[in-house]
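Every chain is named by a letter (A, B, C and D) in the order it is written, and numbering of its residues begins at 1.
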């Protein structure tokens, strides 16, 4: 399995995910301020998801940049990650449509949690097939940031049924934290040059 | 005809197929557990199709990795395969929408059968234009796994009208068998190094 | 302007066009033979368009393979061609939805006519920026096949209002003729090796 | 961060944006001239947006051709530009659906304004990470054309509520001006050879 084709396929899928979300932004029937106001929650939902998919694209690129050979485990861990990311347009539209009510926010949190778990599995697959001394292994270390994010999403799922705004706060907050690209890998790669 | 452009085009089409399927997962009108429950068959259908398209992408990659020059026959066999794969989102949505009733399951099986046949034709086109002694020819051999899968789908089509669960069992079962990537080609390529 | 990026962008757009057409194949409400029967004209329309877009992808590839440098004229002729191809999913769905009635068939013919004209303009742009002695120029010659196709589509437009089946016959017939890949360019390239 | 992957991802997103717009051209229910007439404003809207996205693809390519290394700032400025471009299909459909009435035209102008600002920020990010003496810096100069376009869009937003045709005139006019590819960068690059 060729690494560049895995990258190209992943890039293609992520590019399509980030773009087709706009198709879920249904055109309002009216052309007045009222119809625009109704669109607000869907639009906010769209912005958050756009940022999340962009973050995943960016981090995914960093992760794959350390790969030297693609094993079956890496291939399927990657497909597993793409599966959860492919559900982002669905939960985005559902959460926006229902003004961030309990169940849709819980579903949104669940998809983010599963994507974070899938990302973690992918990084473990890469480490296990490249050895513990590989660039990625030393760069990621225990990947505290990733584990803490996953834990926060795990909390956001049940929390949505108790106090939904707290779950929304977690989702938005972690997005902002991740907006800062992962300099750990970049740093290690530079040190090796 | 350039092989890398054929790969890139196929990758693009397959990436779009796997991703636009989520657009057929229509947003439920409600935001309660009941509307989520109604979504269950569509979601299960989505998962199965996602796995199938991913398997085809993976196997297609292995198949094309043996190609050295692209003939007109290879080009059109490839387009023929993409055509049947392009119908996967349609039968996925139809089967999910109708809770896996007779006709949609038969249609789903038919599309899988035709895709398997198209894949078989493509591999034959590659063999015939590269010679019987080529890597692919010796790696694939009689391609028992592929032929048996196609036969099983062929049985699943009429079976759907008699006992639909059996057809569903065939579809899911073969997906699980194929999840294990085709090591035959990989093995042969390694032996040649 | 880099040729490979123009190719990649065109491939991307054509791959999306050929794939999103399936989204216009709306899922039938029922799951019986009657609903499948209603789908027939849309499905036939889908097949014809799939073949046409695949032919354009193939010929477009042959055409661009002769390009050495991308001028502004080539860039915009290419965009112009992509514009008309982007309308194929629309006329496909409209013709299928209305069982190939007069106006939709005329619109379908018009889009094919404009795409043929756009393809002709693109080939002229390439020739004019690469010189009359270039590979393409001698290979295409007077491009009788292309000109006759365009003429036939031009006739199919008004003919749809008089005798619609004749227009359909023209559309299907020319697709079959073009299914045979353009060996003229391939031949010339081989002669030069 | 690898430049070619940034280009490929941007190309993918822009190719999808330009193509999925056609999905918003909803198939008319009828097949007569009346239903075609109702489609006219949506179709005009589609043409304008197709040209705008094509212009952005072209200019974006020229801009990135000067990039040597991709910083975090360039990456996120680029994502920011893609975000605003991703809204083009939405405002296109909304403006076409409502026959270019006040609010949709204002929204369309706003998206173009924000895209122009995002493009400006991206070019500044590239200059700041490549130095004032870089190719881009001397080629773009003060980018009068870009700044004037952004200003015109800024005027078109409020103007839509006073005299909508004037805003439409601005939108169409600037598209025509930009159709002529940006020769400034091309020129500088040639001088350096």
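Keep in mind that, in the parts below, contacts are C-beta pairs under 8 Å (C-beta built on N, C-alpha and C of every residue); 3 or more make two chains touch, one makes a residue touch a chain.
Not measured: the values here are computed from a predicted model.
Rotating chain C by 90 degrees superposes its CA atoms on those of chain D, with the angle stated to the nearest 5. Of all chains, the one whose mean C-alpha position sits at the greatest distance from that of chain A is C. Measuring from the averaged C-alpha position of chain A to that of chain B gives a distance of 27 Å. For this pair, chain B with chain D, the centres built from the Cα atoms lie 38 Å apart. Among all residues of chain B, those that touch two or more other chains are 8, 12, 16, 20, 23. Pairwise, the chains that touch each other are A-B, A-D, B-C, C-D.
Partner chain C is touched in their complex by these residues of chain D: 7-8, 11-12, 14-16, 18-23, 25, 27-28, 31-33, 36, 47, 50, 54, 57-58, 61, 65, 179-181.
Of all residues in chain B, only 1-2, 5, 8-9, 12-13, 16-17, 20, 23-24, 72, 75-76, 79, 82-83, 86-87, 89-90, 93-94, 97-98, 101-104, 107 touch chain C in the complex they form.
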